[in-house]
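Structures given as structure tokens follow.
Heads up, the next two complexes both have chain A, just with different partners, chain B and then chain C.
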Partner chain A sequence: MRTRLRMWALLTGALALALPIPSWAQLTTSQLQTWLNSPAASSHVGNITGNAKAGAAPYRRYCVGCHGPLGDGNGENAPYMQPPMFQQPRDFQLGVFKCRSTPTGTLPTDQDLFDAITRGFDRTNMPPWNTLSKQERVDLVAWVKHFSPRWANEKPGTPIVIPPEPEVTGDRIKAGRDVFARVQCWKCHGVQGMANGPSAATLTDDLGRPIAPFNFTDGTRPKCGDSDQDIYRIFMTGLDGTPMPSFADNIKPDEAWDLVFYLRALMSQHSKEKEMAKKLDLKPVDPNAPAGQQ
Partner chain B sequence: MRIRMKSRLWKKPYGQHLLATALVLCFLILSASQNANALPAFARKYGLRCSACHESWPMLNYFGQKFKDNGYQLMNDRDAPIWQNPGYWPVTFRITPIWHRVSTGKVAEDTYAGGVITGTTQARVSTSGFDLSGLDFHTGGTVEKNISFYVLPSSDSTASFHFETVMARLDNLGGSPWLNIKLGKFELDNLLSEKRILTLTGNGGIYQTYHFIPVGDGNVFGQIGDNQLGLEYMGHSANDRTRVSAALLSSNDGNVNLITGSNSYTGFFTASQAFDAGKLGVERLGFYAMVGDAATYYRTTGGVPIPGSGIGNKGFSREGFVGQFYFGPHFDLQVVTQHGSDNAWFGQGYGVAIAPDGNGGATCTAAPCPPNNVPGTTLPAGAQAPTWNGATFEAHYVYSPQLIFIGRYELERMSQQANGPGSLTPSASNLGNITTYTMGFRYNPFMTSRAGFAWHNEYNWLHYDGMAPDGSNLNTSELLMGFDFDF
Partner chain C sequence: MTKRNKFMAVLSTMVLVSCGALFLGQKVNAAGEGKISGTVKLDGTAPHMRGIDMSKDPYCVKANTATPAHLQTVEVGQNNGLENVVLYISEGWTGAATTSTEVPVFDQKNCMYTPHVLALDAGQTFKVVTSDQTTHNIHPLPNPMTGNIPWNQSQPPGAAPIEKSWKNPEVIPVQCNIHPWMHGWHVVVKGPYATTDSSGNYTINNVPPGNYTVTAWQETYGTQTQKVTVAAGKPGAADFTFKAK
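What follows is the complex of A and B.
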């Protein structure tokens, strides 16, 4: 009798110990533990060092509803974020990011991810999280990186060099229009930048989901920032995972600034470029015009 | 609708004590309905979990505060309702079924219950049972980009409704976050929001500092915890670190129809600055000030004040500091201080005489009514302006977004009584002082972007100096457990 009691006690104890194991195992895979204990499980922005473990809590609080507990963009709200009204949350497991300072195909820097969290993305459900402390945001960067094996195997790219912004002139705006025609921005963005180019309706991202080109004329801000430097960076690095390629091999730095000025002139927001283009009576590009004769 | 401890109608000390005791008892038994602004409707609109905006719902975190300051907008160019599913309807309800036990130490009791009154004694009254809070229907959001609204019909636990909040707001005028205008009935710009309080008991479900009124004082207009009618300017930096606001309010304590009188206004001003303190988090320091005047003289008919006839304005003020201190991701301390001062006329019970919905106190329907500052009236000897100091300390331990522990300590201390040493019946220096502790925890068994549910447990203890029927100190306590949910 005593032996049987002891056996039951042992069995009950073993069961009690074993019960938490499945859920615990889901949360702490050996892969995760290895990552979290490695020096790579950190991020660096300015003089702030982020820690992935510390980023787990704010991720759970702020991010998991959209990006999901596994960072695969399959949070509880993902099914309700469908194009064209919204874009689906980023799948961090792919390690592919639109907004980078680094060349196309490379990983973004920690600063890039920090800026994305801070700035948010217009026309999506990703708000600016600039109310969080810097430390929290840097910790989140470290946590976001742990979702993709790319961070374990690759280093971020080297940020592209953006030359100083030249003074805007009418000739530069005209030259920008030539660049706009030459690299065929109009095919997606339309000749007036209204996102109605001949290819616009056919665009999909790398996962085959419909995606719309940026409309320069509806008053919205570019997703990756709306300073002149941000716009320069967008078309020189491309938006990885989308049909927007990098034009770093097609556009020289000087031409890139011309294009920035022309794009500013297309935008509905008030700008000196827009004023100058108006005085120049600048017409939209003509897709049928011979090369160099816009 | 909350019932608060106020004692201003009866000036005799025994009457004061009896009234205060009765009010305390009713207050505790009826418990509090929480007109808190936690909107799963917003979560459903934006797909963010409760925890994104709430440290623990309904209490806002900095992100939620910014969302509110932006006029319930994420500022992602998808805030206008044109971007929503046409079937989206921004409505949320909240109600709280509870069990609670209330114990009041000294209640006046007839010597022979139900019989001929031959005298009174004092006795403890303890009661327990199942109960309900009131019901809140929240609806709020944007009618267009940068034009927002909030409407909150709220009932007490007997389903008697009133409008707790009705306001429309113009946001980001001229494209600047520094220019936002709000008109209607709204919560004052209190960083430690009573409408988002985490506690539910009768005395712990409000901030005493926001409602303190000296014993016998007739001024109910200086309650910064009550929603008020007025116009508010509010401005903030892009990341909400810097915030300022200024509101012009009708001195009606939020009651509609200008019941007490016209031409009396109150100003409420706030400013605060947040600082990034590294691993500690974001710390915020600020101040607030309320300066106003309100009626003390009502024309009468048959001895009863005529609604809306209030004149004879006298002044009052409330001012203090606010601190939100974070010590890492789990622990924070919120502090509000207050120095309050009422004109000596208020101290003698002059002030509100008409308050039909109970929001400002009792209704005078038959003479004799509260003292009326008719021409020729003079203050009694020794009357002076009552002043006091108070502070609220509320600490939170956020174990996770699903589990929060709450501890609060409040103290209200009279520094000058209305009936000074020269008075015929000078008040004890500590008469009306309040000390209260509240502790509890809230556990949310799930955390989604669709609804909120909390298992709530709380204990409150309140000590009221000199407010027992015999003039001794009065202690009350309440234990509460319940389900707090909104959808």
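What follows is the complex of A and C.
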């Protein structure tokens, strides 16, 4: 109770100090020191505790070139990464992240940020940082969090519950195709998942920069992970900052697994689902079919 | 129950009821206190509102065959009245943030937002619904630095309403990425507000006597302010004129 109170006192103190200046990331040295000594400047992944102070050095060494000293994504390499060829480095000051286990509009967990650093982002300039030690990566998570005032004001969202993966069957793949048709994934991703849906060409991210939907057929990996659980999480939480919305309110957990199986069947990589779909001779969904008649 | 107890029970009930009546009476008084009203007009020729090409989605084309959809950035009605202008008290309001228990509805209808501009009190709950037989994604884009957090949810045909609220005052653009012409606004203010009707008329209700600054916000022409005084039994008045660019 005492430590909690003290934490809140420190948090509000840090907030009050930060208010008169425009950007959280431009704290004065003494303000930053106060914050760094507070319990808020830590991160927890598994049984490892990270510390923002310790994260500053690896950030300067590995991240600053693209994400910049202020964490606003304006590092010295950033001008060379222009969409649509490249995606620009994440602006940590906004506190908006694509890959989360938490509902849309909420902060990701420390584990989510840790996974993003570890995995890297396919088709971008962000490589996997699994060569860094676990401790370094957890420290980096704490340092990344210090750039946005959101972490001082909010708690991360509650991760969505992913039920155990059921056995894949032909019926489930077919049911997944119905979900794909009903919620109209094809509007952007195309009926065959080739990223050529009618709305694909005009998509922009939250900052108005052009962005392409995921192409299931060109052999690339989804940005937020390639496991069945990752794919489930992507469409149920949405990718904040991009046009990809959350479908948590409109796809039931069991149906979500059906959709994962159907998406696997669309992907070019070899999979059990792809074999089964081939045997079933599944046709792409018909965009002109009336609702509920596929 | 003894006689004495009964008496006490009756007495306490009476005290409670009379207190409640007093409390309610005050509330009614506060609600009927005062208002600010006026008209917002456009000076000059309204810009041409271009038609919208919805050929991306045959459903949207079909839904708009009777009355073709057009841009709504400047909507001019009778006597050059400007529609969709939000009026609110920008200075002088000392009341609580959430004054309204009304839950406004933001509808996705015929692949357009109805209303195009939704005014809200900070903290007020609103409902996002869909009347369309096509999937929309509802994607408000507040600046995360203001404390309002962007979110992005899908609404396929027949989806349940989404209930949300905004924490802080901000003009928030709302878009659908699937239908890129769909563009609306959530104008979040602190205190009472009004939106002009098709003739440019408005009335801000529930304004207690005092000196205020009223701001008019229009999505293309920006903001204008005026000082307004509301006295007991004498409502305030403020007319605004935006110059066509």
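Going forward, the second predicted complex is superposed on the first by the 262 of 294 C-alpha atoms of A that agree within 3 Å, B and C clash if a C-alpha of one lies under 4 Å from a C-alpha of the other, contacts with A are read in each partner's own complex, and residues count from 1 in each chain.
Criterion: contacts are C-beta pairs under 8 Å (C-beta built on N, C-alpha and C of every residue); 3 or more make two chains touch, one makes a residue touch a chain.
Please read these numbers as outputs of a predicted model, since none were measured by experiment.
Looking at the shared chain after the overlay, A:Asn153 reaches chain C, while chain B stays out of its contact range.
After overlaying the two complexes on the shared chain, residue contacts for A:Ser199 are found with chain C alone; chain B is out of touch. Touch criterion not met for A:His44: it reaches neither chain B nor chain C. Within the superposed three-chain model, A:Asn288 lies in touch with chain C and out of touch with chain B [touch as defined at top].
In the superposition on chain A, contact is made by A:Gly95 with chain C only, not with chain B. Look at A:Lys274: by the touch rule set out above, it reaches neither chain B nor chain C. In the superposition on chain A, contact is made by A:Asn250 with chain C only, not with chain B. In the superposition on chain A, A:Gly238 makes contact with chain C only, while chain B stays out of contact range.
Residues 48, 54, 57-58, 60-62, 64-66, 75-77, 80-81, 85-86, 120-136, 220-221 of chain A are the ones touching chain B in the complex.
Chain B meets chain A in the complex at residues 46-49, 51-52, 61-63, 65-67, 74-78, 83, 238-240, 276-279, 281-282, 329, 400-401, 448-450. Residues 93-96, 104-106, 148-150, 153-154, 182-184, 187-188, 198-199, 202-204, 206, 238, 240-250, 288, 291 of chain A are the ones touching chain C in the complex.
Looking at the complex, you find that chain C touches chain A at residues 56-58, 133-135, 137-139, 141, 144-145, 147, 149-157, 159-160, 162, 177-180.
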